[in-house]
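In order of appearance the chains are A, B, C and D, and numbering begins at 1 in each one.
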Amino acid sequence: MTTSTPVTIGLIGAGRMGAFHAEALARRIPGARLGAIADPAPGLAANLAKTLACPRHFSNVEELFADPAIDGVVIATPARTHAAMIEAAARAGKAVFCEKPMAATLEEADRAIAAAASASVPLQVGFNRRFDRGFGSALAKISAGEIGTPQLMRSNTRDPKLADPARIPQWTIFLETLIHDFDTLNWLNPGATAVEVYAAGDALIRPDFKTHGLLDTSVVTIRYDNGALAIADASFQAVYGYDVRAEVFGTGGLVTAGDLLATHTTTYTAAGGTTSTVRSDQELFRDAYISELAHFAECTRTGQQPSVTGHDARAALTIALAAIESIERGVPVRPRAAFATNV
Amino acid sequence: MTTSTPVTIGLIGAGRMGAFHAEALARRIPGARLGAIADPAPGLAANLAKTLACPRHFSNVEELFADPAIDGVVIATPARTHAAMIEAAARAGKAVFCEKPMAATLEEADRAIAAAASASVPLQVGFNRRFDRGFGSALAKISAGEIGTPQLMRSNTRDPKLADPARIPQWTIFLETLIHDFDTLNWLNPGATAVEVYAAGDALIRPDFKTHGLLDTSVVTIRYDNGALAIADASFQAVYGYDVRAEVFGTGGLVTAGDLLATHTTTYTAAGGTTSTVRSDQELFRDAYISELAHFAECTRTGQQPSVTGHDARAALTIALAAIESIERGVPVRPRAAFATNV
Amino acid sequence: MTTSTPVTIGLIGAGRMGAFHAEALARRIPGARLGAIADPAPGLAANLAKTLACPRHFSNVEELFADPAIDGVVIATPARTHAAMIEAAARAGKAVFCEKPMAATLEEADRAIAAAASASVPLQVGFNRRFDRGFGSALAKISAGEIGTPQLMRSNTRDPKLADPARIPQWTIFLETLIHDFDTLNWLNPGATAVEVYAAGDALIRPDFKTHGLLDTSVVTIRYDNGALAIADASFQAVYGYDVRAEVFGTGGLVTAGDLLATHTTTYTAAGGTTSTVRSDQELFRDAYISELAHFAECTRTGQQPSVTGHDARAALTIALAAIESIERGVPVRPRAAFATNV
Amino acid sequence: MTTSTPVTIGLIGAGRMGAFHAEALARRIPGARLGAIADPAPGLAANLAKTLACPRHFSNVEELFADPAIDGVVIATPARTHAAMIEAAARAGKAVFCEKPMAATLEEADRAIAAAASASVPLQVGFNRRFDRGFGSALAKISAGEIGTPQLMRSNTRDPKLADPARIPQWTIFLETLIHDFDTLNWLNPGATAVEVYAAGDALIRPDFKTHGLLDTSVVTIRYDNGALAIADASFQAVYGYDVRAEVFGTGGLVTAGDLLATHTTTYTAAGGTTSTVRSDQELFRDAYISELAHFAECTRTGQQPSVTGHDARAALTIALAAIESIERGVPVRPRAAFATNV
């Protein structure tokens, strides 16, 4: 509990995830208030602002950046626009929370990081699993040395339902889905760096879109410089719900995180036992989504750097880009080097 | 999401549970605002009001009742004062949320119910398990007929740590702890009424306080008019945390609810598998506590009766009182009849 | 592994359980051989003997007792005949394994125990849960002090399907079903003695047989002289299978035993998660049944007393008889004293 | 139950696994008897034969092959000798059960298969997971179509403890450990064929033996011709025990198999929850090992082909060999074609 004045956050992008963040900012986070919403789609920002009693809304994001009442922004626009939005927000002196991926290329990522550094604003990227209690507990075990040095790792993301495949940009499975797993693996292997990436992928849900470049299912093997071998897998359609789990096996043991069950209520009938499964990210990670924004609000207030930074996002991106190159070339690929601090 | 004006709620009793409710009202429930805090203990209300930016605080609850800005009250005072507080609040025209137990005698309970009915104000009692997602899912299964007619039922409450036994009023285990289980069993056996209660109890944690009337461990058997045999058990000290579970076995199957684990992260080392357990009610039932107040705020706004009423609280109380009589007489006891609507 | 000569065991009673034991003796227990089968039902012993290549079969059990090749007997006859069978077998100098219950009255039990003592033959009773790996592991934890002194205990037996209620002897639920739970509770509370028993029971599966004395569902509360409060419950019909579980809560923690699942294979589909449940005692306790007979064979060979004796069976019986008296009188009942060693 | 005459099986190789199989043949499998043991190590066969009351033992396997009383053989010799042993046994007209791997090269495998076919003897390979109840249940779900077409698969083998790395032949992790996973993945993806294999491996447990060719940790990605992407991983040292699990994710859902827990007894203390883990293959797969030999005994008796054949073993071997080539070349590799029937 704190008596500090709440910070005022502006939302950029009023789609599904943006609306969720906006509602959290407006109602769930004591240290934050929702000050403005910007979205170019006609009426979208206005409607959401009305629902949430948000004082201002814009169809032009520049107006939001120009608003001196806004301390920080949450960027929930389409992925390809993220890096430019970060740069603009940083130049406007706003603290920045950006949904993943931070950027689609390393050059963009470097510019975004540099912009935030130059403006001395906090830059946080939306790797929400880091704020999940179960995943956090796994990291605590690893950091405490309970399972020793990681040797075999797993992380998976299986979304509930494939959206219209015609509207899915190429490489989405790496840049927007598996990017979560790449960050999780990096985070659960503290201090290690990915040195080799091999990816296999296919259009198994909609094979008719394979010639259009769709990959809806993928497995990625990553080798780290501490020897750990990691596997990330993803599918765009798990009919049983939203399936996010991870495992880290090390010299001292194994830790598992993630839970498929919506509640632990179990029913046993003549047919056997039945349980209910988690059906969406906003169901599974509701608390984590709120916690990451609460952290961002706190960083906006204090100016401190968030616990998950642009550098973390860039590290995950190097793996995603290596995976893409691996798919294209059919061989394992070495990720490009980490961000050079003298850029 | 709603654009309605929030209702203004006053808190009465700024102790452990009161402070939790106050923080929820002030920060977690979009439809509510915390308007005032009353507590006779010097400084308690003022301090909490300052922390939560609550505009008013009183040492005299009458002032809170007299405040026309207050739409409803949350009563979190010591149990023996609940019924009188409900009566006073109802007379003042406030919607009432009261922590369990609603009353210590049936006469008090009847007066409280009658006062709320006479004033036409909502009266909700703090049976928070009804707002827990897992327990709610169990009820949904039962109501859908998936396990048939209940035949054997279990519910337990094991608190983490015995407080100072010298300060625990006699019969607390029935009136304040097992009352949750009695309500849960009633709720999970829809339409049925308890017709026989047998209780066994002892001071096993602090046998030195047995002569002072302490019961810190108890088992209660309840027979319902639909034949179901139910067992409630309680302990004041589960060293592993806060243990609340229930099971309903019926003609068509079994449903279990409740979960001992804090997260489903599991660690496997040379010593075997380890998990972490839930350590407190506010950890296990955080969402349920917030949901019950959100429901109360909505009832305050609309004037509708809550889903858990004074009549429900009275039904649980009849079982608690029968359990006390069973302990005193050493035999099974028939609970007193349900509230007569013409009282 | 051992090179000892196998002992020769005779089976008395070739029904469902007898046939299971016979198959184990004939084929699954290296230290035993099945030497004879006796059953008065025409053809039953002969057919089973043929199937199992058992050298001898009798319709008159006296012939089996008279057979000098038989080292020990397994008694799997109807419950009411057990005590007399034990006496006769002991007089014939045979080691005795008897299915539970050992006797229907304490007088019978005392005579059976005395007969075995007088003949210096081992006497083991079929409390198979003591040989289950999971239950054994729970005892090991308790004996090691990991959960401290027991305070609250649970044990349940829910059979898959009610047999013809017209053929179920009165009090079967206590003498043949809950007797397992009474033994389990005694065993998991080492050194403690039951001092008070309260039973509630009903005919909920077949209420039409209630007037014939059927009890098909029951809850029994037991108070031990170390303070522990225990609950046993039973049903004759769990549509999901065979449900045997136990819990012991003590000053230092909680231990749970028993598992409803047939395998830990779990299937997740659009409908949620599904598992398969254990369907019969012979499925759940297959290994335990074989282990108890292997132990009996070893005791037969060495002459040592088994780990589960006539005195254990008598202690469980005193609880069952107190439960019956509690049902008849409607009040809690003190069990009769333990076996006096000078009988 | 059957009254058939047991078949007589000879054991070749009296090491750890051979001794386990011998004990099962001698004592646990009604349809089999252990007729002879052969092992060149001085005294090994004689000692085991004495312990198990096996009538004959040889230091020269040719004598066992020449023994007309022997109907079939169990080959549990070092892996490099398997194929030659199969050929010799088949030529001697014996039914053959061979531990995995059946062979170290495809040429050897083809000769072994051809020898068994030519002699018209059953040839079974020791893929014991196929006889595990949980894994079998997973296959049943898959075969019933409950999870649709496989898309993402996982299988892992983590052994409890690395043996002396100086005595581990190169590629053991593929030929002797992951071969189980390759077979499991093939089996759980009925009708599909592996078309691409990528392997990453390292010496993480004993990096000092990496220059000697040790791989003690590996991840293998397999693409099947039905599109499924599968991952197998292995470690030679899981300090928590023996970890064998699998998952199959498909168009209709997910099925998981495998269980880390020795029993489902759980203890909760002030430190949290604890469980015990499975510590060895012979603990986890005891029943499966016995079942596979019972199946072999039955095939020996009837002459029918086993449910897991030389062709299955060859299919797993093609994946292992492709994994080895992938390690050597650093790229994904296409496995060699399936056994040509006209070889």
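The working rule: contacts are C-beta pairs under 8 Å (C-beta built on N, C-alpha and C of every residue); 3 or more make two chains touch, one makes a residue touch a chain.
This is a predicted model, so every value here is computed, not measured.
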Mind checking chain C against chain D and telling me if their interface is mostly the same residue numbers on each side, over half, or mostly different? same
Most remote chain relative to chain B, going by C-alpha centroids? D
CA centroids of chain A and chain B: separation to the nearest Å works out as 39
Chain B to chain D, mean C-alpha position gap in Å, rounds to 57
Can you tell me which residues of chain D touch two or more of the remaining chains? 239-240, 243, 252-254, 261, 268-270, 276
If you connect every pair of chains that touch, what shape comes out? Choose line, ring, star, complete or other. complete
Show which residues of chain A lie in contact with chain C when the two form their complex. 239-241, 243, 260-261, 268-277
Provide the residue numbers of chain B that touch chain A in the complex, in ascending order. 1, 3, 23, 26-28, 30, 50-53, 133-135, 137-138, 141, 146-147, 252-259, 261-270, 276
Could you pull out which chain A residues touch chain D in their complex? 149, 151-152, 154, 156, 158, 196, 198, 200-202, 204-205, 207, 217-219, 221, 223, 227-229, 231, 233, 235, 237-240, 243, 249, 251-254, 330-332
